[in-house]
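Quick heads-up: structures coming right below.
Below are two complexes that have chain A in common, paired first with chain B and then with chain C.
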Partner chain A sequence: MSLLDDPKAAFADLSRPERWVLGVSVAFVLFLLVAMLTGALGPTYFLFLVGLAGMYALLSFGLNAQWGFTGLINFSVAAFFGIGAYGTALMTASGSPIAGGFSPLVGLAVALVVALALALLIGIPTLRLRADYLAIASLGLAEVVRLIVLNERWLTNGSAGLRGIPGFFDGWPVLSTFPEAMPGLRLVVIPGSPVILETAFWQAALNVLLVLAFAGAAYFVLRRAHRSPWGRVLRTIRSDEDLARALGKNTYSFKMQSFVLGSLIMALAGVFYAHLNLYVGPGDLDPITTFYAWVAVILGGSGSNRGALFGGIVIVTIREGTRFLNDVALPIDPAPLRLLLIGVVIVAVMRYRPQGVLPPQRELIWPSAVDGGGTPETPDSGVRERKGGDDDE
Partner chain B sequence: MSEGALPKEDAVLRVDDLQKSFGGLAATDHATFAVERGTITGLIGPNGAGKSTLFNLISGFYEPDGGTVEVNGTDVTGMEPYEVAEQGLIRTFQTPRKLEGMTVREAMLVGPRKQPGESFLTLFTSPGTVAESESANLAEAERILEDFEIDHLATQPATDISGGQMKLVELARAMLAEPEVLLLDEPVAGVNPTLAKKLKEQIRRLNEQGTTFLLIEHDMEFVMDLADPIVVLDQGHVLTEGTPEGVRNDQRVIDAYLGGGA
Partner chain C sequence: MTVLGYLANGLVFSSIIVLGSIGLSLVYSIADFANFAHGDTMTIGAYSALVTFGAVGGLGGAVLGLPYGFFVALVVGIAVAAVVAVATEKLIYEPLDVDSIGLLITSIGIAFIYRAVIQIRFGSDFTRFDVRPLRPIEALVPYGVRITLHDVAIFGSAVALVVGLHVLLQYTDLGRKMRAMADNPDLARVSGIRTKRVKLWTWVIGAGLAGAGGVFLGLFNQLAPRMGFNLLLVIFAAVILGGIGSVYGAMAGGFLIGMINQLTPFFSNVVEALPIRPNWLATVIENMITIEYANAIAFVIMVVVLLVRPNGIAGEAAT
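Then we have the complex of A and B:
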């Protein structure tokens, strides 16, 4: 790792916004640590927030693979998220009207297969047409899926939702009993405000482990894909589809692959959510999720994977951070304030940094090819790994 | 009718009785001609003669109402553009296409056909193959940029270079796709004379190395100097075909350009 050998050089290699984001992230993590140690922020709740951040990061990864890479306008993020959540819930929940009781791994597989089918269903008729048709169709799809979930009670339990979803690791060796097996810990760092780690904490830690595995895998796949010839064709399609066609690329097939990939990642977010919340209802399919994912991607910088990660974290910070404002006397309620804040952030970004906070800025060529070509370009993999690590905390 | 039918033994592109109407307008009206392998064939005609429509029909961007297009003896009528490209026919566009967020050499790397790294699965099943072909393509791209004397632009953002340089990059990228016949739509429109001269030299050089060209151009001096034979299009059909000299002195061509009608 060049980073460990020479952290100064790695830092000097960063662009100004990258340093800025790095600085703010470090400060933010320190702030959270202090809040935890002083007892202002419960450690279990903190881990829940990390889980949520990972979930939003997955949603924005998925949308980034569609919009950021290929320019596909998908307004049905919430539908794919909901399909993921309901897919696994219907398979595993004790309250499921059709199946229930299966292992969460079966739930995961079913969720992905249903999301794949749905992506193909909407992609086949629209991806041959101009970009706007997908946008319109996906807008309709989101509503159709939500209304089916709300009204087909024999299938989904309707507005009552699904209860009794097991944790993702239920039934696994070791991990299923891990939270109970762990001793309760009482850490006193600052006298007078002990930090207590109990079963709920270890349960939350497992959830974080799960979302880190999902998000880490998605990030790994997307990063490699983004720098590959495959990703280059997608970016060509985004800029100018006719050019890609003239150069002999089957753009329909590429768009379909990008759309399916993004949809599967969104479904992954839904699977995680179902096993985090242990309850899913039709409200989880509200269009606000789509809206949040779009804000995260645009905020982070369309086309940038780490930007999507950053955007996802910012969304959770605003969404959950405003809850603490309940204690402060404010002229308006925190709930509308939340949306107002997100609106203000997006307006400010569009005005002062329309490309997003962390746009993709280095050229994207398969890393070893650039190294081998003897070009004096510094590979940035070390830097990116470092950033990913910092943001994940 | 179709006087473009000079005897052609080895045609790399053959267009036969091609028709396309937009509403009541016959944009391509029973056009028939062929492009002989190894030539630089010019396609000229007054504004609205249907040159660009013809290009779109040949390259698969438009579906013809009738007639056939053959590339290398394979019937490509009605095929998708990428399928036509697979037969060895590559085209460029009248206005240079910008690739946002890419450097020049990155934009060049879109050119090569059938890259192993264009398959999503290969990225994970055999990254070594991807790296190998990417290195080879990168080296090739840099070599071609050198040939075009624009290698100093390699790491510039593809959107920051001049219009003329973009045309050069487009031509260079098209060469990476290893076309047998390359269709150029107004390669020197809006390009300054120095760069235009450079483009002409490059096209001639590539032609000597074996690429067949079909080019639309309004700059008469440019096309008369470079192309032979020249196909003249008027109101959607082929008016005549001949040497630059012959075409220049053809009364019907002069009439067409002066708006006399066919």
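Then we have the complex of A and C:
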């Protein structure tokens, strides 16, 4: 059933929403390509957008490991994202008040360790709480983290933020000088509007490579974990925690594991962001980042990694599309417009498609266990309705 | 400032928190979800009052340093907040087919929509009500209390609203129905209470009080599109401290959280004076109990209460 062997059958195998998403995505990619070739969209900026989409997809993967797999309502995504970004920035940036100047690989390691510590710190008290209390408590603790980053100037430079972060490949053999070494290219596809590829383009290409590596690794780890016995326990916890406990599972420990796994992936997104943006500030811990990730996950379909990928792309479209709209057509401040769109998307999804656009399918079985074609009937109402998770504990 | 001064400030700030937390707690118990749009309902009240006050002007006389027009604006702010909340319930929440977590997530979307609309209309900058700022009341200054007549007005109005709510809950038919519904919605329904109607009234009362809180918050500090959202977690802390679903608990919780919030500088003086050992611990505590962390302290209290006493200080007490 591979796409390459028999594209027609593979297409017929898709469910209706999958076809829709595929169609819209293809149209969107074509649109971007045309925009790029005609010069309306700079190729460097295009790659920056791809990197950003990858980053949001990574954040959504992390949240998916918590909310989608286990049903943990984590509203502290921004805290882990910010801690990841600050962790690497404090180690590598020239403007870092404590260390600085280390290799980005050290930064990556430190960011992950700090995120792990924070995950335990937030998880130990809150994961025993009821779902809605967990939401409130994690949002509150994320604010505490933000306030600490904002106010402890000796540690984080306070509201000034950290400047002078090197690129991720700084100090690597070959890759650190790759952008400079590559020749500037000038492609003329449409006469009169050449596409020029320069150092900045190659730099952006490297960043895209990095985020693809991160996201790819996260995707495969999550997919494997999701199908493993471990993942099955998590899904059981999501639909009925008491049942999981009755089966002798230490649900608290499983929840903690999935919380830590998700948090590390979010921190990875933060690390990438720090080396993409080359500046981090306390504004990056704003709760809006949390809700970007949430929109991506519930739009894509809770528990579905493909959906998270799709959601990440939609988020970047909203984020950068409003900016573009402001520059080109309507002089409306992009910030509230973005907020409005995010709000409308949340409400619309919850109203018309609470299971998301691409809900996970066949999630209880290995794909090889399904013999031949034939997608099983998609249930109209997902597990979410039936879980009745409002009074567990 | 003296202890008395901090206490007086705390009393004023508490009034605002109490107005917010009662509504949040009512909606939490009767509509059965954590309404993240509650803070932005406060913002709506504040901005409606701003517009109304700009339109009607002072209307001649003044009470407690506030022109009559301001009270008209206050009533309009309350009304608009209530109408918007009821419309949202009718158009959005009621047709939804999701559990309480779904409603919670939806309310975040609603919060963003409210805030975005206000920000598009008014910009993201701070504004103020067009009332002349007052000097602190002279008679109280020797005691270290620096509050203005406006603060007295905030406190007085809040007390009036809270007493009104108490009377409504305890002595009217609607109040009894609301308490019954908070206690056991199914039982309330089979005993013939029109639960949908009661729910609507809950929204009216909760959002109306939030609107009043928003207007007072605008008078106490200033107005900004983020004002309500920024206060939301503090209000949640108050509701949880008081015990979710308990209106009197919410009042107590709001009072305590407001007080702790405004007394933080005083606590930091106390901590500096205390002989805490070892020294590093003293440094850590002194660093943590500062005005910058006033909100963080409330959030930490909230998490501790959730862990230790999830029913809040009021315990199992009914609404």
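The rule is simple: the second predicted complex is superposed on the first by the 352 of 393 C-alpha atoms of A that agree within 3 Å, B and C clash if a C-alpha of one lies under 4 Å from a C-alpha of the other, contacts with A are read in each partner's own complex, and residues count from 1 in each chain.
To be clear about the criterion, contacts are C-beta pairs under 8 Å (C-beta built on N, C-alpha and C of every residue); 3 or more make two chains touch, one makes a residue touch a chain.
Keep in mind that what you see is a predicted model, and the values were worked out from it rather than measured.
J.: Report for A:Arg323: first if it touches chain B alone, second if chain C alone, otherwise both or neither.
T.: neither
J.: So in the superposed three-chain picture, is A:Arg19 touching just chain B, just chain C, both, or none of them (first/second/both/neither)?
T.: After superposing on A, A:Arg19 lies clear of both chain B and chain C.
J.: Quick one: classify A:Arg351 as touching chain B (first), chain C (second), both or neither.
T.: Only chain C; A:Arg351 stays clear of chain B.
J.: Is A:Arg153 contacted by the first partner chain B, the second partner chain C, both or neither?
T.: neither
J.: Which partner chains sit in contact with A:Leu141 here, chain B, chain C, both or neither? Use first/second/both/neither.
T.: second
J.: In the overlaid three-chain picture, which partner chain does A:Ala131 touch, first (chain B) or second (chain C), both, or neither?
T.: Once the two structures are laid over each other on A, A:Ala131 reaches chain C alone.
J.: Can you list the chain B residues touching chain A in their complex?
T.: Answer in residue numbers: 59-61, 80-82, 85-86, 90-93, 97-103, 105-106, 109-111, 113, 115-120, 123-124, 127, 130-131, 133-135, 137-139, 142, 155, 173-174, 177.
J.: Any idea which chain A residues touch chain C in the complex?
T.: Interface residues on the chain A side: 73, 125-126, 128-133, 135-137, 139-141, 143-144, 147-148, 150-152, 291, 294, 298, 332-333, 335-340, 342-347, 350-351, 354, 384-385, 387-390.
J.: Can you list the chain C residues touching chain A in their complex?
T.: That would be residues 32-34, 92, 95-102, 104-106, 108-113, 115-117, 119-120, 123-124, 225, 233, 236-237, 240, 287, 290, 292-293, 295-296, 299-300, 302-303, 306-307, 310 of chain C.
J.: Using the touch rule from the top, collect the residues of chain A that touch chain B in their complex.
T.: Checking each residue of chain A against chain B gives 221, 224-225, 228-230, 232-233, 235-236, 238-240, 242-251, 257, 261, 303, 359-360, 363-366, 368-370, 372-373, 375, 377.
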